[in-house]
Amino acid sequence: MHIEKIINPLLTLVLAPLLFGIINRTKAVFAGRTGQPLLQSYYDIWKLFCKGAVYSKTTSWIFRLGPIVGFAVVVAAATLMPLGGLPAIVAFDGDFILFAYLFGLMRFFTVLTALDTGSSFEGMGASREVMFSALAEPAFLVGLAAISKQTHSLSLTGMLAGPDTALWSQIGPALLLVAFSVFIVFLAENSRMPVDDPNTHLELTMIHEVMVLDNSGPDLGFITYAATIKMWLLGTVLVGILVPHNGNVWIDISTAVGAIFMLAVLVGVVESSMARLKLLHVPQFLLIANALSILALILVLR
Amino acid sequence: MIFMTNLVDTVIIFLILTNLMLLGSSRLRTCILVVAIQGILLGILAILLEDGSLGIHLILLSAAIFCLKGIIFPFLLIRTLRDLNVQHEVEPFVGYGTSLVLSPLVLVVCIWLGSQLSLPIGAASSLVVPVAFFTITCGLFLIVSRKKALTQVLGYLVLENGIYVFGASIATIQPVLVELGILLDAFVAVFVMGIAIYHINREFDHTDVDRLNKLKG
Amino acid sequence: MNPGILLWIILLLPVVGSGICQILRSPKNVMNFTCFGVAVIGILDIVTAGVVFSSNTISSCSEWLYMDALSAYHLIVMALVFCMSSLYGMRYFDKEINEGIFTLKSAKRYGILWFASLAAMTLILVSNNLGMMWVGMETTTLVTAFLICTRANKASIEGMWKYLIVCSVGIALAFMGTLFIAAATYKFQGSISGNGVLWTQLKMHAGLLDAKLAQIGFLFIFVGYGTKAGLAPMHTWLPDAHSQAPSPVSAVFSGFMLNAALYCIMRYTSLIKLVPGNENLSRDLFLFFGTLSIVVAAAFILSQHDLKRLLAYHSVEHLGIIAIGLGMGPLGIFAALFHTLNHSICKSLGFFCAGRLGQIYGSYDMRGMTGALRLSPLWGGGLLGSLLALIGIAPFALFMSELLIVKAAIATNSIWVLVVFLAGSCIIFAAALKHVINVVYGTPPVLDFKPRRSSIPDTGIVVFSLGVLLVLGLWMPNSLHEILYRAANIMEGIDAATTVCVK
Amino acid sequence: MSLFIWGLIIIFAGGLASLISGRRSGLACVFGALGAVAGSIAAVIPAFKVLLHGITESFRLNWSIPFGSFFVQVDPLSAVFLIPILGLSAIAAIYGVGYLWAYRGKKNLGVAWFFYDLLLLGMVLVVAAKNGILFLLAWELMSLAPFFLIIFDDEKEKARDAGWTYLVATHIGMVFLLIFFLILGGQNGSMDFDKIGVIDGLTASFLFVLAIVGFGTKAGFMPLHVWLPEAHPAAPSHASAVMSGVMIKIGIYGLIRAMTFLGHPPIWWAWILIGIGASSGVVGVLFALAQHDLKRLLAYHSVENIGIITLGLGIGVLGISTGSPTLAVFGFAGCFFHIINHAIFKGLLFLGAGAVLHGSGTLEIDHLGGLIKRMPWTAVTFLTGAIAISGLPPLNGFASEFLIYLGVFKDGMSHGLVNIIPVLGVIGGLALIGGLAAACFTKAFGIVFLGQPRSKHSQQAHEVNFAMLLPMVTLAILCVLMGVFSPFIIRVFRAAISNVTLLPQEVVQGQLNAGSSILSNVVIVSVLLVALICGLALLRKWLLSGRSVEQIETWGCGYACPTARMQYTASSFAQPLVALFRLFLQTDSRDLPPKGIFPDRAFLKTDTADTSSKYLYQPLFKWIGFMLSKLQWIQHGRLQLYVLYIALTLLMLLIWKAL
């Protein structure tokens, strides 16, 4: 148990909210505004933790359990995630399956929480959520399968150890395909454009936001915080696939973090340059991700 | 011996004629009488076909045949006929003319069939077996093509006669007991059928078999 | 004493019985007497069969009467079916008797004919002379004809007439066949002691029979007796007669008369197998008519609304199955004989239950019969059990025998027969199950009829039959195995010395 | 071993006693349940011994079943199946007492219990039988008994039809098994399994196909599953729990047992199994998604889980045929483990559905809602089952699916494009199944238990009695325990796996150790997760202490007076997915969309009939009926023609034979 193992999750917990700030700032820049401060999401979360709570009469203990499970899940997932050269706290064969399924658990409870309120809008959001995630999951796992096949490793720590030149020369195309599909999954899972629009307030069009309409106070704080961490973790996966390492831990970490921030910027760019897809077209979007992953798998298996 | 064979042949010819008459005639009374004649001919044939030894049981047998097929059956049938006020066969499935035209062809086929078989026929003429077949066919034909219940009984009788001719022609010694048993059966059969016809007439007040078609499927 | 006497006794006692029926004074007495008398005769039958099994064969009056394992086995089946049917018949007519429809006259007629048919069937089994066997068969037809219209109405008379004509013609053809066989013996006329065609002697000299004549003879025999056995397409009389006859009679028809006809064919088969050039003749015929019967039965069971006709077509099917078995070598024959017993018991039970339910509902139209199990647990349950057994549900014995037949089919790899058999039985399974579920389950219609408490004998019959079927399905006594095995050997035309493995 | 036989005897005796006690409901329940429980306890002990010590016990009774023998043996493979069978049946029996008590006086409970015990007896015998004929007899017993349970509510036409469908399907399967075993026995005289030699080549492949169809019908492979969604909802819930939880697994047992006779498997067998598994899994869960009836939904999930189990089996077979111990061991371990797990959570869910029916009087999902307030215990247990069946950590469902995944990832992705079959089939298939299952059970739990009551059924719902709660709670706890102790549990499959794969025990042991060490990591994370949850709960308590916690109406987005009927329904919840997969589902939906500014009435009715029965079986049966109806004219009632038949037949024969 080296000391630097702790650094990794600490970084995650500390830096994750920053991503939202970056994205918003990017969008503001594109829109020609100064925009909110970078640390805005830290303030928001803090404020929420300091508030009281309002619960719907309809809800039951499920509603109170949901946010907590969500947060616990992302923290548990963080322990599986390597960063830069740093291995994960817990690394074992097939941990990425657990990683994927933990988010499944989170989704399960988020959806139940939404349904617990009995509000038709939140039901709508839940129904969309389960549909999109059901389509995103195969893309993610098949993509990782291609990676693990190539890196001869079954644990995230090994798979995301970063591609060296040899790997690039072998399966550059496959890597790119996987990267694309994971990026799509990343957008869908974090409910960003073009799948979902986090900052509209028309309930009919939202997915993730509408599911948490009734949450308030610390619960909402947990949810928001969990959302940022989730984005961070998935971003780490994407970065780990693409960004090479050079052996020195500290350099690697800094490059990785930098890459993640770049990713956030990219998301911002996408959001300000693309419009939200029609809900009916989102499945096609995700099926593209699946197709890319399968293609990558074919490439590495041949 | 030649004389015998000639005699046999004459009887055979008569048999054929009776069959033709049956196929041709529509009056039930006539049919019954014709069948009676057939029975008598059978009685004669029984003796003629026996080469040489004229056993006591043979006399007895032919006598039995004579009485039963020649006298008792016709009597029974005539009585039944009296009960059910019907004289004529209604229009049959196959017309009288047609059947008469067809019958010679059938006879030819029968002769050919008979020639195919290597039957241990005694002194009897080579015509016996074919005529047996012919008679059987006629019997079946009567049952299939006619509509009156009574005609079907007659058909059954003709069928039996045919078989009987065949039996008499092949030179095996059936023990008299069996023969009598067979005759008895024929008798009971006719008797039962007579009663059955009586019942039919009472329940349906007609005896057209083709109208008995409620039970199906 | 000479065991041959037994044959005379079992042959003549029924005649005496029918005589006694003449002098009885009330319908009730007649019915009770039929039950009692048949029971006594049945016991004697079984004793006779026992003697036969202990000593290989028994015969009397210069082998005119003769009995071996094959006929003894059928004797047992006959005794069983007749005893059960008589016991059932004792109570069956109660309703009519009380209403005065079933008068002394008709009761007497019923009793007389009942005993007479018993006598006729016994004659088929005990006579060694093929001519006498034919006489027995024809007598059966004539005697049973009037049992069909015990209650004279349009339908029953129509059924009787069809039965009478079709079967008489068929049996006449069978007689033709007998004559052909007789003619085929001319090569060894001298050597047989001059009294007619005794099966035993034919068996001895079967090799010398004239191939052609024997062959034609067998064809006639098969069609003739096949008509009586209800093999398609000669089965046409069967559903009419079975559906119109009173249930005890239907039970005897289906339970034994058909088997008796098949038994005659078996006798000839054991001869024809030994005739040079005709070894496969019987096999082809059995397989052909067996499969055809199954297909035809399936077609009619599928769209059947009359309960008794349904059972009748089941008889066609099962006779077909038995025929298939008979066409499939030693194991198949073994299975077929076993199936004969199972089918007889099961089908009789089926007709018993159908009869009583028909009395309860007032018709046999299954569209109107629902919830039988609620109306009368005994008969409803019996019907359910018997039909489930009929369509081959394990662990009933019929499943076992059909399993054996399949085994034989695979052994003799007659694939197409197997396919048709299985496909047909599956169709019949589905169709019959649909019918029985709708009859037995569901909510019954409102009837004025008050179902009376089921008496001891009724319960006894149902429990006994189902019990026997169950036990035979799970455990075959060695003695039965031995009997079937010996009977199969006789049918197969080989003497018991050469062993056939069926284990 | 004698203990095992005693167990069987006790079960049968219990059934008989309850049959005799008949309409005296109390006695019937006591005898039936007692027989099942006591017998199971007696019989399960030897099974455990076998599994732990790996020594097989056998027992021959000197009883000549016609052409078979009463040869019973508990070997590790049997034991693996015996334990869930006996365990679940015993637990469900206790539940049954509480469940059937509502029918006392109305129905003859003796019969119900008799056939329940017979079902149990049959299942145990099938698994233990080591003789072909005995196997077939037991199989038929096991297949017949449920018929009487399915048709328990025989005044309902649905139940009668279900009974018919079930029995016909199972009988057709039986026919294939008949041929299978007779050919097997025909190869070398004896029907005893230990005397049946190994068969190879074309015969083996033919037998394999027979086995797939015959056993697959019972297991519910696509498209042989049609009886499942009809039969399971019709039966009383404790019976459906047993049927769905263990009976269909016996089809898998038969398949595995059959393959032990068939020598070294060609690789395409594995591909077929994986294909069947993936298709059954995905299509099964899709159909489940489209259902409105809770039990019907669960029945389709049985198809899905059989698919997962078959995936594991396929991976195992792939391992055998390619000689890869990793694949073989992980595949079979996952298969066995999931069999046991599915027995637990599917049993739990069916019992839960029964409780819902018992408490609220309906199973129509769209009529329910808000039951979590009225039936808290049922809700908790059902939620546990839902999480487990969705294959989510930390419960047992995840552990078994994880093993199957692991097998493929470890050794399934060897080079060669053809390997795309197992990889995509398993990884893509399992992932998709997982996602859809989660969707389906969020729907089931969310709509049934959460929100507000959608009808007076669910308003008047009440919690069920103790006899029904106890089994559910037990099973829920088992779900957790099986998850937590999964590292130790998979080790007990060592003997069974090495029997099936013919690998030496050490090799299997080694692989299993690797697996269990991995699983222990999973457990560590799960424990961490649970700890976190508790910690966070306390944290929130602390945060909220002294702050205002209000209770108000659900936020209606400004709409003033929302009613319960405005909630999302199950149909609307599933609609997007159903629409996406309409190709498979062929859902016919009739709707009247709201028109105008003040729409008067609008509705959406969706009905998803089973595609394979609608487009495959019904047309087939119709066709057969039509063909056979052509023969009807034979019996037209014309006597003359009847006689003509005879004459013609004779003529035909003479021409065929004599000329």
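Here the chain labels run A, B, C and D in written order, and each chain numbers its own residues starting at 1.
By definition in this document, a residue touches a chain if its C-beta (ideal position, glycine included) is under 8 Å from a C-beta of that chain, and two chains touch if they have at least 3 such contacts.
Only a predicted model underlies this, so the values are computations on that prediction, with no experimental measurement involved.
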Selected pair, greater C-beta contact count between C-D and A-D: A-D
Approximate Å spacing (C-alpha centroids) for the pair chain A, chain D: 36
Centre distance in Å when chain C and chain D are each reduced to the mean of their C-alpha atoms: 45
Geometric centre distance via CA averages, chain D-chain B, whole Å: 71
Where chain A and chain C are represented by their mean Cα positions, the distance between them in whole Å: 79
In chain B, residues with contacts to at least two other chains: 140, 143, 152, 209, 212, 214-215, 217
For chain D, residues contacting two or more additional chains: 632, 635, 639, 643
For chain A, residues contacting two or more additional chains: none
Touch relationships between chains, expressed as pairs: A-D, B-C, B-D, C-D
Residue numbers on chain D that touch chain C, as the complex places them: 63-67, 133, 136-137, 140-141, 144, 151, 154-155, 157, 160, 163-164, 167-168, 171-172, 175, 178-179, 182-183, 185-186, 621, 624-625, 628-629, 631-632, 634-635, 639, 642-643, 645-646, 649-650, 653-654, 657-658
Chain C contact footprint on chain B (complex, rising order): 117-120, 136, 140, 143, 149, 152, 156, 159-160, 163, 166-167, 170-175, 177-178, 181-182, 184-185, 188-189, 192-193, 195-196, 199-200, 203-204, 209, 212, 214-215, 217
Of chain C, residues touching chain B in the complex: 129, 131-132, 134-135, 138-139, 142, 145-146, 149, 152-155, 157-162, 164-165, 168-169, 172, 175-176, 179, 182-183, 185-186, 189, 194-197, 210, 212-213, 216, 239-240, 243-244, 300, 303-304, 309
Chain D to chain B touching residues, read off their complex: 632, 635-641, 643-644, 647
Of all residues in chain B, those that touch chain D in their complex: 93, 140, 143-147, 152, 209-210, 212-217
